[in-house]
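As structure tokens, here come the structures.
There are two complexes below, and they share chain A, which is joined by chain B in the first and by chain C in the second.
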Partner chain A sequence: MSALATPPRDPRAPLPGPRRTKARDSASSWPLRDRIGLALCWGAGITLTLVAGSVLLYMCFKGITQLRPAMLWTHPSSDVDQSQTGGFLDPIQGTLMLTTIGIAIAVPIGVSVALWLVEYGRPAPLARAVESAVDIIAGSPSVVLALFGLSFFSESFLSWMSFHAEDAAFGRSFMIAGTVMSLIALPLVVGATREALLQVPNHVREASLALGKTKASTIRAVLLPAVRPGIATGTALGMGRIIGDTAIVILLLGNTLTIQPRDGAAPVVGLLQGTGSTLTSYIYGNSPTGEGNAPEKAYAAAFVLLLIVVALNALATRIARGRGKDTAWIR
Partner chain B sequence: MPPPPIRKISLDAPPTVVHVPPVPLDGNGNGHAGPAGGVHTPGPPPSEAPVLERMRCDAVTIAYGPKVAVNRVDLPIAQGEVLAMIGPSGCGKTTLLRSLNRLTELTATASRGGRILLDGQDIDALEVTTLRKRVSMVFQQPNPFPMSVFDNVAYGLREGGSKRPRKKELMEPVERALTRAGLWHEVKENLDHPALRLSGGQQQRLCIARSLAAQPEVLLMDEPCSALDPISTAKIEELILELREQIAVVIVTHNLQQAQRVADKVAFMYLGELVEYAPGEQLFNAPQAQRTRDYVGGAFG
Partner chain C sequence: MSALSSRRRGAPRRPPERAELWLGALAATLLLLIAGMLAFVFKEAWPSFSHNGLAWFGSGGNTGQQLAAIYESPANPDEYVYHLRAWPLLYGTLLSTGLAVLIGLPFALLCSLFMVEFAPPGLKRIMTPVVRFLAAVPSVVYGLIGILVLAPWIDRHLVSASFKLDVNAIVPVSGGGLLLASIILMVMIVPIMIAIISDALRAVPRSWVEGSAALGVNRWRTMWKVSVRTARPAIAAAVVLATARALGEAIMLAMVSGSFIWAPNPLDGLNFFLEPIMPLAATIVGQQEGFSAVPLGQTLYAIAAVLLVSSAILSFAGWAVRQPLRKYAAR
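Our next item is the complex of A and B:
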């Protein structure tokens, strides 16, 4: 009667799990190449974590030791005396303005492109051409796009977008840099929106049509709300790209230390036609290779930039994780 | 073995055990009593509403490219009774159902011959949005829209997907539709909650309410219970029997017992052809065609 002899189980005790071979015992029976492969996978992951961690820690250490709060609200100025060169208020404002302009252009266009590709996409050759165009933009280095933008926006018929004399345009302004910036965010918005649209099962579209709705109102009332998290993810990723880009700022924003609105223009228009800099170009300028040669300022600005980018990444991850909770159809 | 006796799932009845009579054995020692062979299974209780023909398929042929999916089908669809379409997978029943509100037109390769009439009028002559408001459809998978319970039901009532008319004016028809779908008491507190948080069975009844809100004349249901549990299925079957009093209901189902429980008329399709169309009781108990006998007897499909 051994069954009676065993004491009754404590109901609160965790149930014994299923029998499992220990990971180490299992791996020791693997062929050598699989064990090497497994070791490499572990090693790669851990190394990457270490690299990312050390970049973050180093920049945090450098940044925190160099950053003075006053830098966040002082205008920069060029001076031989390092203590007189101020902070980086203008680059922060420049970064925010440029991101806003770029996203404001990229999101509507990107969402429209994705909607057309997924919901219409006919004729097929045109759809393939559009896809290739998005891929080409995504694959082009931003400095190439910037170089193209410089010659394109210097054309006299576009002179209203920047400083201009009688017959020549300067070809550098917030408006111009923002327009080219929208190109580097565009593929990310298109991609995220497209993925989200493809996740919506076809029978959901048909359900709306079966209620006597047109395709247009189906897109507006059903599909756009369903892909809103996808659009948000693409937007956050695109913002990260714009904030991090340097080449376009240096070539197309004039790279002036302070924000210089165009003289004699209406306030906002003048700002858009004016030049300035961003945190990235400020870091470049102040780094040991740049003309400013004030590495401590570069570190402080890099720290602020890193904080913005990490915050944006966290936002994008959260949005992407939240997706699916409220839009989980049975497929 | 005879199939187990069919009984309707009653939600509040005490559990009962049905006595299975001993099956007479034939010479080979095999039981011989399919639904066609003797066990009489009753259909749904007869409807009280007068039966009135609303739609008619007239030699309807539908092809996807060169492949013919539905071949010269003639079929009447009447208000006051439920028509069930049964048949093995790929026999064209869903295609035929989708053609009734011209959803087949969404498939680029699909083409249709023959005529489909709604109250004597060719549906090709109707504006497609008008037709689909009159002939609504419920799908296999519950597919509420990513918005609140209220907005889902109100969606069909609002023109062009706009937010007008306002919530107050729509409350009454929305409540009526949800009550008809048997969902009002479960969601009346939570009309603002996202519809996709409801359970699968509730979602499907919400989809039915969404279709009913626009007051359709014909309701098409494409295997509406195949993704649901038995209790939700029972609720929806009860609902179908109530709905047939006011509108024509067409249901495609793979579940023969379900067809037996809800259908006044059953159409058996096989390889794109309409093999037999008869009152449910007759089709299941005394099928005329050999293929019907084989199918409902469980020989194939």
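Our next item is the complex of A and C:
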């Protein structure tokens, strides 16, 4: 809202009396320096809008011209001839699986940690340490987390999570990539849930306690329903972050074009232990940097990816609307 | 912290409930996991640092060849090669991050002023989604646009053929480089800065702004002298957060920074901006295929440790600059 504007007025209401002066002074009476500042402001704002508009329009244009519906349900394959490389069904499935695994791990843990931080939080030094640990995770680059995962999950006691030979694990699979992905979604879930919990007024808790409920049942029956929109916001933002991340996929998902379940394992387990690709790694692989070098496919996949991410962000905004400040995504 | 923990001095302390113990145990496990991760990264990084000492951060020799030598070092652990002078990587990170933040900050400040105060209502309504959209676009999509659209354009219009020919034997110049990397990095971090700064600008007490207006100060000067000054801690926080984001960006930089380890020479005049760079995070992505060679893996961990320490310092700085914000309840 404009800091100096008059309070909002119903546009259909009759204008107030003739003595009312104009609320906004005209910039033409300002000193030159201030007018330059104002012009720069306009310039910056318009430039930003134009940049966003051109990114959006360009991606839509490229996406609509390059995307064939069949790409959405054909398996990719490697071929010199670009028309024979198929679609990106497997990357889409990979994105879905990875997001599901990451969210399934991040949301319960994130909500529990936020509950503990706000509702219990003692001993206080431990709470502070947990808070800064979550901050460190939020601040550390995803490529560093991926690198950590690469070594950590190759340890022999975790070899059940991926392909493994006698002595060494491969250290790359859906389960592993999803686990590391949950780390990048975790701070968003913790942050959004915490903000929502802090906004629940204390008298709500007191009312429940006064009825003789224990703290645990207060949390279950009163607080969790109250913060559900906060959790949903954090989840949507976390999903957006997971879907958009590339470094973890490239390092930890094995970078195989199609989904490769582990041989000789039960169906679902084998899938989780197998390798694959996601939309992001498909785009990276098909850009001139990667091996595929098929820009048309990359554009089409990028369009699909952009649609998903923008939809998730719009969803997060919609859930958070009218509930305090919409700044959870900044982390 | 705890919402209802205010008990009278001397009142008997209730024994912790089972829920508290469970949640606390979970939070403590998370803390242990994150602490273990940090310890693991530093342990793995140690050989690289201890072999090179402080010279690790210095310059000397060809860093690309050094990395290749590390990769090809003999299988015998006693003969591992660790020799690395990582200055070009650090320099590339400093240059791209510094340029992006330096150009991005005034731009973001002007945009936030426009968004909060000067934009007409129609534009004001679309500015928030614009900022959200720019923040939501995955980095791999920015990288794709950079390498397929902007890099060829720069190559055609800005790189002079004679310069390209002169340096071709030493360094390939092909559009992707410092200029492109900084510009796209700027587009990626500006939305975060705008969100934080405009949030703080809106939180400036209305009476201060009105007081200034009542003294006959025009709107631009009111914003500049009152609102922006009040929002200074938020501006510092925005810079810190944006720097952390820029440091950790790996995929986009790996795509558009020219894929060549090189320290741009300021004596080359304007061509300085066209020379390729190789930031730290992008190096990890670029070298990850050789991760299975133990010394190279440990060298990559050393790079990751540098990134972790920098982002930890930055998040501490961010915490420190947010303190005055809390005091004035501006956030």
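Quick note on the criterion: the second predicted complex is superposed on the first by the 279 of 331 C-alpha atoms of A that agree within 3 Å, B and C clash if a C-alpha of one lies under 4 Å from a C-alpha of the other, contacts with A are read in each partner's own complex, and residues count from 1 in each chain.
Basically, a residue touches a chain if its C-beta (ideal position, glycine included) is under 8 Å from a C-beta of that chain, and two chains touch if they have at least 3 such contacts.
What you see is a predicted model, and the numbers here were worked out from it, not measured in a lab.
Visitor: By residue count, which of the two partners contacts chain A more extensively, chain B or chain C?
Guide: C
Visitor: Report for A:Leu32: first if it touches chain B alone, second if chain C alone, otherwise both or neither.
Guide: Neither partner.
Visitor: Applying the touch criterion given at the start, work out whether A:Leu251 contacts chain B, chain C, both or neither, answering first, second, both or neither.
Guide: second
Visitor: Applying the touch criterion given at the start, work out whether A:Leu209 contacts chain B, chain C, both or neither, answering first, second, both or neither.
Guide: Both partners, chain B and chain C.
Visitor: So, does A:Ala226 touch the first partner chain B, the second partner chain C, both, or neither?
Guide: First partner only, chain B.
Visitor: Scan A:Val268 for contacts with chain B and chain C and give back first, second, both or neither.
Guide: In the superposition, A:Val268 touches no partner, neither chain B nor chain C.
Visitor: Return first, second, both or neither, reflecting whether A:Tyr299 touches chain B, chain C, both chains, or no partner chain.
Guide: second
Visitor: Determine, under the contact definition given at the top, whether A:Trp329 touches first (chain B), second (chain C), both, or neither.
Guide: In the superposition, A:Trp329 touches chain B and chain C alike.
Visitor: Do chain B and chain C land on any of the same chain A residues, and which?
Guide: Of chain A, residues 206, 209, 214, 216, 327, 329-330 contact chain B in one complex and chain C in the other.
Visitor: Within their complex, state which residues of chain C touch chain A.
Guide: On the chain C side, the touching residues are 1-5, 16-20, 22-24, 26-28, 30-31, 34-35, 37-38, 40-41, 44, 107, 110-111, 113-119, 123-124, 126-127, 130-141, 143-145, 147-149, 187, 190, 192, 194-196, 199, 201-202, 204, 206, 209-210, 213, 218-224, 227, 241, 244, 247-251, 254-255, 259, 281, 284-285, 288, 291, 297, 300-301, 304, 307-308, 311-312, 314-315, 319.
Visitor: Taking the complex as given, what residues does chain B use to touch chain A?
Guide: 101, 103, 106, 129-133, 136-137, 139-143, 145-147, 155-156, 160-162, 194, 196-197, 200, 207, 210-211, 214, 227
Visitor: Which residues, counting only chain A, touch chain C once they are in their complex?
Guide: 1-4, 24-25, 27, 29-30, 34-35, 37-38, 40-45, 47-49, 51-53, 55-56, 58-59, 109, 112-113, 115-122, 124, 126-127, 129-130, 133-145, 147-148, 150-152, 197, 202, 205-206, 209, 214-216, 219, 240, 243-247, 250-251, 280, 283-284, 287-289, 295, 298-299, 302, 305-306, 309-310, 312-313, 317, 325, 327, 329-330
Visitor: Considering only the defined contacts, which chain A positions touch chain B in the complex?
Guide: 201, 203-204, 206-214, 216-218, 220-222, 225-226, 326-331
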